[in-house]
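Have a look at these structures, which come just after this line.
Heads up, the next two complexes both have chain A, just with different partners, chain B and then chain C.
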Partner chain A sequence: MSALRELLGDLRGPLLAVGAAVLVGGAFVLATGHNPLLAYGAMLTGDLFATLSRAAPIVGMGVATAIAFRAGFFNLGGEGQLVLGGLAAATVALALPEGGLFTVVLSIGAAAVVGGLWAASAAFFEFRFRVPLLVSTLLLNYPARLLASYLVNHQLRDVDSGLPQTERIADGVQLARWGGSGRLHAGILLVLIVVLVVAFAIARTRAGYRLRMTGLNRRFAQAGGVDLRRLGTSVMFTSGAVAGLVGAVQVLGVHHRFIDNSLTQPLWAWTGLMVALLSGSRPLGVLLAGLFFAAVQTGGFAMERVTEVPRELSRVLQALIILFVAAKDRFRLALARTRRAD
Partner chain B sequence: MELLGIFDATLTGSLLRFATPILLAALGGLICERAGVFNIGLEGLMLAGAFGAVVGSYFGGSALAGVAAAVLSGVALAALLALFAVRLRGNEIVVGIAINLLASGLTVYLLRSIFGVKGAFQDPALVGLSTLRLPGIDGLPLLGPLLSGHTSVVYVALLLTVGVQVLLFRHVIGLRLRGVGEHAEAAMTLGVDVGRLRTAAILVSGALCGLAGAQLSLGNVTLFVENMSAGRGWIAVVAVMFGRAHPLGVFAACLLFGLTESLGFRLQGLQLPSQLTESLPYVVTLASLFVFRSRTSRG
Partner chain C sequence: MSQHPPTAAFELQGITKRFGEVVANDAVDLSVDAGEIHGLIGENGAGKTTLMGVLYGIHRPDAGEIRVAGRRRRFDSPLDAIHAGLGMVHQHFMLFDSLTVAENVVFGAEPERYGLVDRAVAAKRVAELAERYGLEVETGALVGGLPVGVQQRVEILKALYRQAAVLVLDEPTAVLTPGEQEGLFRVLRSLAAEGTAIVFISHKLPEVLTLCDRTTVLRQGRVTGTVVTAQSSAEELSRLMVGRTVSAPKIEPHEPGETVLKIESLVVSGRGPDPAVDRVDLAVKAREIVGIAGVAGNGQSELAAAIAGLERPRSGRIRLGSAELTSLSVRERRAAGLACVPEDRDGTGLATAASVAENALMGFEGRPELAPRGVLDSAAIDRRAGDLVDQLRIRTAGVRAAAADLSGGNRQKLVVGRELAHDARLLLVEQPTRGVDLAAIELIHRALLDYSSGGGAVLLISAELGELLTLADRILVMLGGRIVGELARESATEERLGLLMAGGG
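And now, the complex of A and B:
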């Protein structure tokens, strides 16, 4: 009973933020000459399979970001880690087309290592040179994206296709698909497993305890014997590895090749980051919030088909929700403080 | 010899053009930093300005209308930033990220609902900023292309750098601002309204970023492209750290970052792959961060 009450209490903030964003977004739709009721009505008619396949990269990137956030480290570099992971996965898959399952595992592993190393390099800059992670992780996105774009336009380009993309990955290396017009693939399950493993690791393992303590109070954790540099580097590596894995899931499960901009255009990394913020970086909350944002996005597509309202309304709504969540957090903190003062 | 050949009129002529958007945004970031607000919304404010400039220029029929609309757009979004970060006391980093994402989504949404296009908007009806030829300097070798032939926004940015320096260190407003940034409680006991001053600083940064956006979409080119700020707001954040929140230091940092961008632009003329030349500013910005460790590490 008290657990339920606690859960409802946790949900109150995000739900209020969503309500406020819907109101402001509606006023905005009205101001741009559309009917908000029609727009929102059409948004509710999203399709479940589309939502699920959209939720996988969002939830995955949400968990990747949440791992770093929970430990009190910024990772705004999900985009670069995702892209390099996807590129690594495609490269391995194309190099070993005969390998079947072995290649799949190797390909996903390579993606995780490459994404992890890219993120860990930012941690190295932070601890060695005191370069703030907030800025370094973000700036690292651009060279990563440009490097991938360069390779896929030159060395890795499929010369026959005329598009900036690699050759198609062999059937045996693609992730299994089950129905839903081919939109349900093993990658969705893989992301779900990652969420559960991360949730368990954060809640129940010694490393997870260190991570949480560091996130709550860095100096307290250090006083308790946490090696900040070591923990920070491994947290950033894990965060980047999950992002890289999501890149592999999209490449092996959805696109079946690496296509320039295909991982950045849908803003997986940024939506994931918003989901992490909305859920307070709790893995199961990320799952819930990620499904919700995926539904908002597929709803946006449905809305665009039925009404004249551009689907980018979903991006506006998402950002508004995060704005309200940011304010909401402070309200709650302020409340807690006054209560303690009493 | 060949290496020195890169430093020609194309390079020197584009230096201030590329440095200006970063400089204007960094001046805004500097004012916020001095007031004790870590503003990472510069990127979004600049993007809003770039979009506002195109809207103003298209419907107002003049570059001036474009600049006015750019400044207004920057201030409007900054007001939202101030509301959530100062009045509602939200986490300034989360609010800043949300503002950036809001600007990115909003400009794409409006691009489609106002102009009915995706990706980019270009139209003969768009009036770009005209360039000024400085008499006496224009004909000089090297100095001519470096200093002359820029938009008015470039010269305004240079004047504003001096203006911010004077305001910060020679004016009572600057004294109060620094007081709020260094010790908010102390400033408060002296009767300074901390929230109001911080709000004002954020609004000013909105105006400056709006101007930066106008230089992007009506100065360097005459069109709007989705996410055309392309990380320049973040480079401005680094410029503030790098320049130790000091106008002249920040100016020097922006010149360096502008130089890398014009160097990339110049190298592209040498048939180097565009992806490699485009990544130059980000790589140099990152490198600058660990050459000169920032005094304030807030990560």
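And now, the complex of A and C:
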């Protein structure tokens, strides 16, 4: 029981927040002259496959953020790590089109390493020059996004296409697909495996113990012999690596090429951040919350088709949920744990 | 002692409060009159702080009632209690370091002018209040820069500013120097003379005996007696507290062994231009307890931090056996044979949100029997924590309970027990019994003596002279970052130490 609670966190707060958000969201719909019951009813008709496909990047980015939060470190740079990961994956996949599974593995590995190094560089600045991670991770998003944008507009551009995107990745190095028009892909499974591995690592391993204790009380961990610099750097690397991997999953499994803005437009990183907050950075909680947010978003599309309520309502709902969680816990679950090292 | 009128300022009747399976308060009755200073004593975990939490609206009682000035009350939050005329000075001050004394005092009830805080009026009112009760403070000073004794006065002023008729002080002397303590007692007596009811929570029997009109003793959540202090004695109170009388540990004569810790001309920077630790030399041998005495803030904390590896010294050498510690990380120092009981129990010694078992594991997580191939063996970890809990008689609902749910004394025992378990060659101990009850003190002292006679070297930094005199083979006195004197056990007395600490050696 207590082990389950450790993995999921306390569900009461998030459930209350969801309930309150649904009520307030309903009031919004009512105020715009629509029937909230019809709108929510239409939301429930969202496509399961679409939801799963959407949940993968949200959950993946949520876990990436949660890894850092649990150790008491900020990683607001998920977006940059995601984009560079996607770019690295596309580059490797395009360079070795004949490599089959080997290319797939190498491509995902490259994405993880690039995302990880990008995040670890922020840790380097924190420990070497005392640049707060909050600032550095956030700011590192811009060069990452702009670099990717530049490359895909010039050197890596598919010149036959009118769009800023790379050439299409060879069929042999795309992730396996099944089900409803191919929206189920092996990347979803990969993200699920990552979540389970991270959950196990945090709860049950020595490194996870050090990470948790550092997150709860940095000075305690330090006095007990945890090397903060080493832990912080590896935590940030792992966090960034998961973000990079999500980039690879989207590129190899969904888009089959790197398209400019395709990883930033859907706000995967920021939705992931919200999911991490909502779940108190518990990996399995992230899984649940990520699925829920994905369902709300796909439901939003369905609702827009069936009723005249715009799908932006789903974003309003997301924001309200977080607002209510924050109101209850004042972000203490994840953010307040973070204190600067002395 | 002042003559108190028969009206009760507040009454608690049949208060029961449970936390899970632990009964923190069991049908407790307490009545304090206006103008009375009422001592509330008991071991840590006896339920004093919980009881006052119930009175102050922090905890809601499971049974019983609260009457303030004769009226039955129900407090849902401290705010309700404050409105009802209660004031509390917590062990940990609730002040804003970056605001001035006056701003802190009026916070929450600021005098306003055109919707803005009227600073001039605020400063004037606070100054008047301070003057009236003899609480010397500079109203314009920033609180963060003030000594703890003065910060405490600000806390008292806060309560008085809100016209508290009842003032509860939770172990107010734990952080004070003897001089500051005298000042506090004068203030409390003058407040009582004006009709304020005062609850004085303490562990220290001599203080209670000098200050309090009546004293209520709690043991394991129950009242074991309420006595008129003038007609009581330290023996009676301590018997009521622990159920038996406390004896000082016996120390067998022993020869120290080889040198374990050797510090040479160590310099550690301070906040200001002067170094916090200034060219300190000292050595600790095996089977020896070396004490460091000194008024708080004379470099003891910085010395400890430099040994523990939490602060980098400016120059000098720290040798543990054959290892030079100054260039080593905390983990390497621990591997070289160092264990530390830090001064700041909750800030450094524990992760209070983590479980007892997780707290007991820190520093041991690298051991293969507890984490084979990097995977934690929770059965082994819980078993080990359970042994520690039994050995040190830590009162807890279980090893999976959060450390925060333990009382202060039990948390301290957890830290001490964990560090002793390292069987390190050198044990660095800071304030091992600060805010800890008699039974726990006895247990911790016994443990330190056993550790030393078992071959360990102990460097003991303490503000309690009695503790140093009981335990230490030699006592060094620190003043202004320097070691200004050394007394052997035979020649050390409280007076001689006090003189050295004050710079009169």
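Simple rule for what comes next: the second predicted complex is superposed on the first by the 319 of 342 C-alpha atoms of A that agree within 3 Å, B and C clash if a C-alpha of one lies under 4 Å from a C-alpha of the other, contacts with A are read in each partner's own complex, and residues count from 1 in each chain.
In this text, a residue touches a chain if its C-beta (ideal position, glycine included) is under 8 Å from a C-beta of that chain, and two chains touch if they have at least 3 such contacts.
Fair warning: this is a prediction, and the values are worked out from it, not measured in the lab.
Visitor: So, on chain A, is it clash or fit between chain B and chain C?
Guide: clash
Visitor: Quick check on the superposed pair: does A:95 touch chain B, chain C, both, or neither? Answer first, second, both or neither.
Guide: After superposing on A, A:95 lies clear of both chain B and chain C.
Visitor: Quick one: chain B or chain C, who's touching more of chain A?
Guide: Per-residue touch count on chain A favours B.
Visitor: When the two structures are overlaid on chain A, which partner does A:212 contact: first (chain B), second (chain C), both, or neither?
Guide: second
Visitor: After lining up the shared chain so the two structures overlap, which partner does A:273 touch, if you call chain B first and chain C second: first, second, both or neither?
Guide: The first partner, chain B, only.
Visitor: Return first, second, both or neither, reflecting whether A:126 touches chain B, chain C, both chains, or no partner chain.
Guide: In the superposition, A:126 touches chain B alone.
Visitor: If you stack the two complexes on chain A, which partner ends up touching A:227: first (chain B), second (chain C), both, or neither?
Guide: second
Visitor: Of the two partner chains, chain B (first) and chain C (second), which one does A:142 touch, if any: first, second, both, or neither?
Guide: First partner only, chain B.
Visitor: Report for A:315: first if it touches chain B alone, second if chain C alone, otherwise both or neither.
Guide: In the superposed model, A:315 contacts chain B only, not chain C.
Visitor: For the superposed three-chain model, which listed region of chain C (95-103, 401-409 or 473-481) is the one that clashes with chain B?
Guide: Clashing stretch of chain C against chain B: 95-103.
Visitor: Quick check on the complex: what are the chain B residues that touch chain A?
Guide: Residues of chain B touching chain A: 40, 80, 84-85, 88-91, 93-95, 97-99, 101-102, 104-106, 108-110, 112-113, 230-231, 234-235, 237-238, 241, 273, 275-276, 278-279, 282-283, 285-286, 289-290, 293-294, 297-299.
Visitor: Could you pull out which chain A residues touch chain C in their complex?
Guide: Answer in residue numbers: 2, 204-210, 212-213, 216-217, 219-227, 342.
Visitor: Please give the residue numbers of chain A that touch chain B in the complex, ascending.
Guide: Of all residues in chain A, those touching chain B are 32-34, 73-74, 76, 125-126, 128-136, 138-143, 146-147, 149-150, 153-154, 270, 273-274, 277, 308-310, 312-313, 315-316, 318-320, 322-323, 325-327, 329-331, 334.
Visitor: Using the touch rule from the top, collect the residues of chain C that touch chain A in their complex.
Guide: 308, 310, 329-331, 334, 340, 342, 344, 347-354, 358, 361-363, 365-366, 371, 374-376, 378, 400
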